[in-house]
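Pasting the structures here.
Two complexes, one shared chain (chain A), two partners (chain B, chain C).
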Partner chain A sequence: MIAKWIGKRVIMGTIVLIIVSFLSFFIMHAAPGNPAAAYYGGNAQTLSTAEKERIEKAFGLDEPVLYQYGTWLREALQGNLGYSAKEGRPVAAILQERLPTTLQLVVLTLLIVAIASTWLGLLAGMKEGSIVDRVLSMFSIASSAIPPFWLGILFIMVFSVQLGWFPTSGMNDVRGEGGLVDRLYHIVLPLTVLVISHVGIFARFLQDSVKAENRSYYVQVAFANGVPEREIRTMVFRNAVIPYINYIGMTIPSFFGGSIVVETLFGWSGLGQLLVKSVMVKDFPVLMGAILIIGVVVVICLFMIDVLMICLNPRLRRGGIV
Partner chain B sequence: MRRGTQRKMPIIWFVLLALIFGLTILSSILAPFEPNAMDMNHIYEAPNGTHLLGTDQLGRDVLSRLLVGGKVTLFIAVFSVVLSSIIGIIYGGLSGYFGGTIDAVMMRILEALLTIPTLVIVLALQAIMQGSVWRMAIIMGITGWFVTARIVRSEFIRLKELEFVQMATMFRTPLWKILFSHLLRNSFPAIFVVTIFNFAGAIFTEVSLSFLGIGVPPAIPSWGTMLYTAQNDLLVGAWWMGLFPGMIIFVTLLCVQAIGGTFKQGGGRSHV
Partner chain C sequence: MFNIENLTVRINDKYLIKGMTFTVPKGQITAIIGESGSGKSTTISALLGILPAQATLEGTIFFNGRDLIDLSRDERLALRKKHFFTIFQDATNSFSPTLKMKQQLYSLTALRLGHKNEAFLAKIKVILKDLNLSEDVLESYPFELSGGMLQRCMLACALYNEPDVLMADEPTSALDMLHQQEFIKRLKKLHTQLGTTVLLITHDLGVAASIADFILVMKNGEIVERGQVAEIFEQPKHLYTKRLVANHF
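Right after this comes the complex of A and B.
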């Protein structure tokens, strides 16, 4: 049963990736202007027709679109994503530099958000109507209304410019040798911004589902029968946490979306910053590669969440609800 | 008693939101200065009697730009939400009504689209057709319908099985009447809630992209483009340029989120 279920998810993931790759390929195609000319930027006017044709032949641009897509896909599967139109380096190499830094940021954010929101959500949800409950409800609305970049600007204003505690941007001290401590020192502000802009919504979600569980019949019966509160709490938590994890899984794409803005603001040279830069200079091979790699990462994350869900939810193991 | 307090809350938010909308709609009358008029003698002026919220790096009045900018931001948000709701209702409605294989295929495609961060899709499309306010609104409209579609689908599936719809089918009520006056009309509460949240999301996206410099062209005042230079302005000490646009975005989003949250609770079912 599990094997079948996992197989199904893998097929789903593959379909997703095909759609993502299709999308990223056709962005290249829909782009205005001649792709051959795009490689030459401002000097494109000086190219003669014969030269343009030669370039088109060299890049296989005279073939039908679907054939080009096939070729691109075959090459992409072998790890060749083409060359950056601006830097001239292989796209795969650029992505290899950028991916780990984005993952550092996103994974750390996810981890902190998961822990903090579980703690806050349980604290607030268990005591309905308490001060914690109400404050958290308000905080979650407020935090989802603050644009992360504006929060970032405020943080820079207060903690970097006024107090001088943290650097305004970058990933390492330019003069230093880098190292873990330095990296952690630089990650504080972007991480805080990302965590604050996400934690409220997740805590709220868990809070609501804990409250809903608390009101349910089995909890009341357990209370009436004098089951110790600790045990009831464990039960409630186990049941409330399943939709919560599902919710985290569903919102994983938004973490990568959020990191685009925050990375750009704090000069964190990850995928998000790369995306923005490649859109600005119209570096389409890099843009395609970055979209594809984000798609792959998201699909892998979703798969991991799914596996976690099977472990936690016995109903899924029996293949009941998929 | 708790219901009472919940019901009272949104009125404040409604009034605030209406105020913001009203001010931006009347911006051409209310704005004390021409939003793009430069005054090189008065650049980077802190808030004072003439310029209530100060001036920016070209001596333009921040308050006037804020009011006129709201028009651009809110126009994009409203237009894109209307467009995305229409697409979402059609897609979700078809998928939910027909069911079976069509539904399965359509939902797989939708799930795939939901996997890609919306901001990434919008970014990518901006790379191709960057340019004007209209294009921005259209791009956001055609990328914002995924959640709406999913909710419309689940509502249609739920309603389709209900007795009154079954009865209507039995009485040979015309198909369009079942679709519109039974299924669609009863889905409206759910659609309304998701539309409110989409509206907040649309403001978010416009502001974020314009802040990055790839949304609305920087020459057009919008809440996002006003923040485009805010990072540098802070370093020269012009805090008012970053603070005020951010504040108004925050308040607007707060109103929208609070209103949406109340309706979501009132509806009883939790969506999204």
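Right after this comes the complex of A and C.
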């Protein structure tokens, strides 16, 4: 039964990745400009038409888009993501360098957001109408309304330029030897921006979920029958956390989206920054590789969330859904 | 046992209960009857001290000579744990959907009384068997059981707790006829065996007639008539009671 469910999920995940890559490939080719421009590099002005045609033919760019996509997909399924049009290096090698730095940022953000929003959401939700409840409601609206790029610029101005507490950008001190402390020192500002732009809305979701659960019939029954409040709180949390975890799962892609802006702003050399640079120079093989790898990570995360949901929700376990 | 005088409950300017005065004698079954919205459930909430925060409560509620109105939240909780047990209307939603029944029945019984798990299991299994429920119920989740089974689980909790007062708010309204009769039979047995005082809220006159010793008729937050079962059903005085009785038979 479980093997069948996992098999189904793997097939669904693969279909999602194929759809994502298909749409990305066609949107890229529909954008203005010549996809061969990245191969020309800075020599576009000096190349003759014949030379341009030769380059396009060599890289298959003269073929119909559907044919090009088919070729890319066939190679990708065999583990070959091609070569960067800009750098000439294998895309897989570039992604291997960039993925861990993005994951550092995203996983750390997710962890802090999950812990902080759980604490805040529970605190506010359990004390409906209290000051904490009202302050959190306002904070969540404010924090989700502030664009991360603006907050990032503000942080750079205040904490880097004026106070000089943190570096404006980069991942390591050029004069230093690197290491964990140096990396943490550089990650503080981008991490804080990402956490602030997510934590309010997550805490608000849990806060509302706890409030709704607190009004549940079974809570009234337990309360009326003298079940200790601690026991009731545990029941409420257990039930309120299920939609909250589902919500985290659904919004995981937004963490990667947020990291694109933040990485670019803070010079964090991860997949987000790579994506932006690749768009600028129309490095389609790298773009496709980066989109695919982010897609794979998101699909894996969603799979893990599904497993967690099954563990937490007996209706999914015993209701024959699995 | 309960002595209620001039009980008034309102939310802002809306009166839910207006100046109710009645007693719930020890060891008897008192039924409060009336249509939906007449204030029956609010009466139970007031007695239990679980009214919504925005509600204003006036009057006196004496339980065994002690006024409950000014009790603190903790004192109320202690009182509910020690003396009362309440069965509510909607058994399907009376239990947390993600916990096994064993854990929930434990919270509603042994945890209140300070019993150990082994003692709980030994006692609850006997009670469940007596209520025609298999031991498998303990390992089930609420969504795996029918409404009738869940209501019997609540009754099992009441039997386990042996409370001084059992309050039942429309306990049979979600059950089919067969389960209704079965439930009434069990409730009667609990009352006879343990001498439990029962306060029954119902809109079903048949249920009240079959089990109650004394009946209070409520309309728009007020008691419009009171009396022994025979009096109410054979010689109703108030127009509203006459209409209720006429509609039932």
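Everything that follows uses one rule, which is that the second predicted complex is superposed on the first by the 269 of 322 C-alpha atoms of A that agree within 3 Å, B and C clash if a C-alpha of one lies under 4 Å from a C-alpha of the other, contacts with A are read in each partner's own complex, and residues count from 1 in each chain.
In this section, contacts are C-beta pairs under 8 Å (C-beta built on N, C-alpha and C of every residue); 3 or more make two chains touch, one makes a residue touch a chain.
In this text the structure is predicted, and so the values were computed from the model without any measurement.
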- Three-chain arrangement built on chain A, chain B and chain C clash or fit: fit
- Task: Scan A:Ile141 for contacts with chain B and chain C and give back first, second, both or neither.
- Result: first
- Touching A:Asn239, do we find chain B (first), chain C (second), both, or neither? second
- Which partner does A:Ile293 contact after superposing on A: first (chain B), second (chain C), both, neither? neither
- Query: Just chain B (first), just chain C (second), both, or neither: which does A:Asn225 touch?
  - Reply: second
- Query: Among the partners chain B and chain C, which is in contact with a greater number of residues of chain A?
  - Reply: B
- Item | Partner chain(s) touched by A:Leu110 [first = chain B, second = chain C, both, neither] | neither
- Task: Treating the CA centre of chain A as the corner point, state the angle out to chain B and chain C, nearest 10°.
- Result: 80
- Message: Per the contact definition in the header, classify A:Asn313: touching chain B only (first), chain C only (second), both, or neither.
- Response: second
- Item | Minimal inter-chain CA distance - chain C and chain B, angstrom | 9
- Please identify the positions on chain A that touch both chain B and chain C, taking each partner from its own complex. 129
- The residues of chain C that touch chain A in their complex are 48, 50, 53, 77-78, 80-82, 84-86, 88, 90, 93-100, 107-108, 111-112, 141, 143-144, 157
- chain A contact footprint on chain B (complex, rising order): 2, 108-109, 111-121, 123-129, 200, 204, 207-208, 211-214, 227, 230-231, 234-235, 239, 242, 246, 249-250, 253-254, 256-258, 261, 270
- In the complex of these two chains, what residues of chain A are touching chain B? 12, 15-16, 19-20, 23-24, 27, 30-32, 129, 141-142, 144-150, 153-154, 156-157, 161, 208, 250, 253-254, 256-258, 260-261, 264-265, 275-276, 278-280, 282, 284, 287, 291, 294-295, 298-299, 302
- Item | Touch list for chain A against partner chain C, complex | 129, 216-218, 220-229, 231, 235, 238-239, 242, 312-315, 318-319
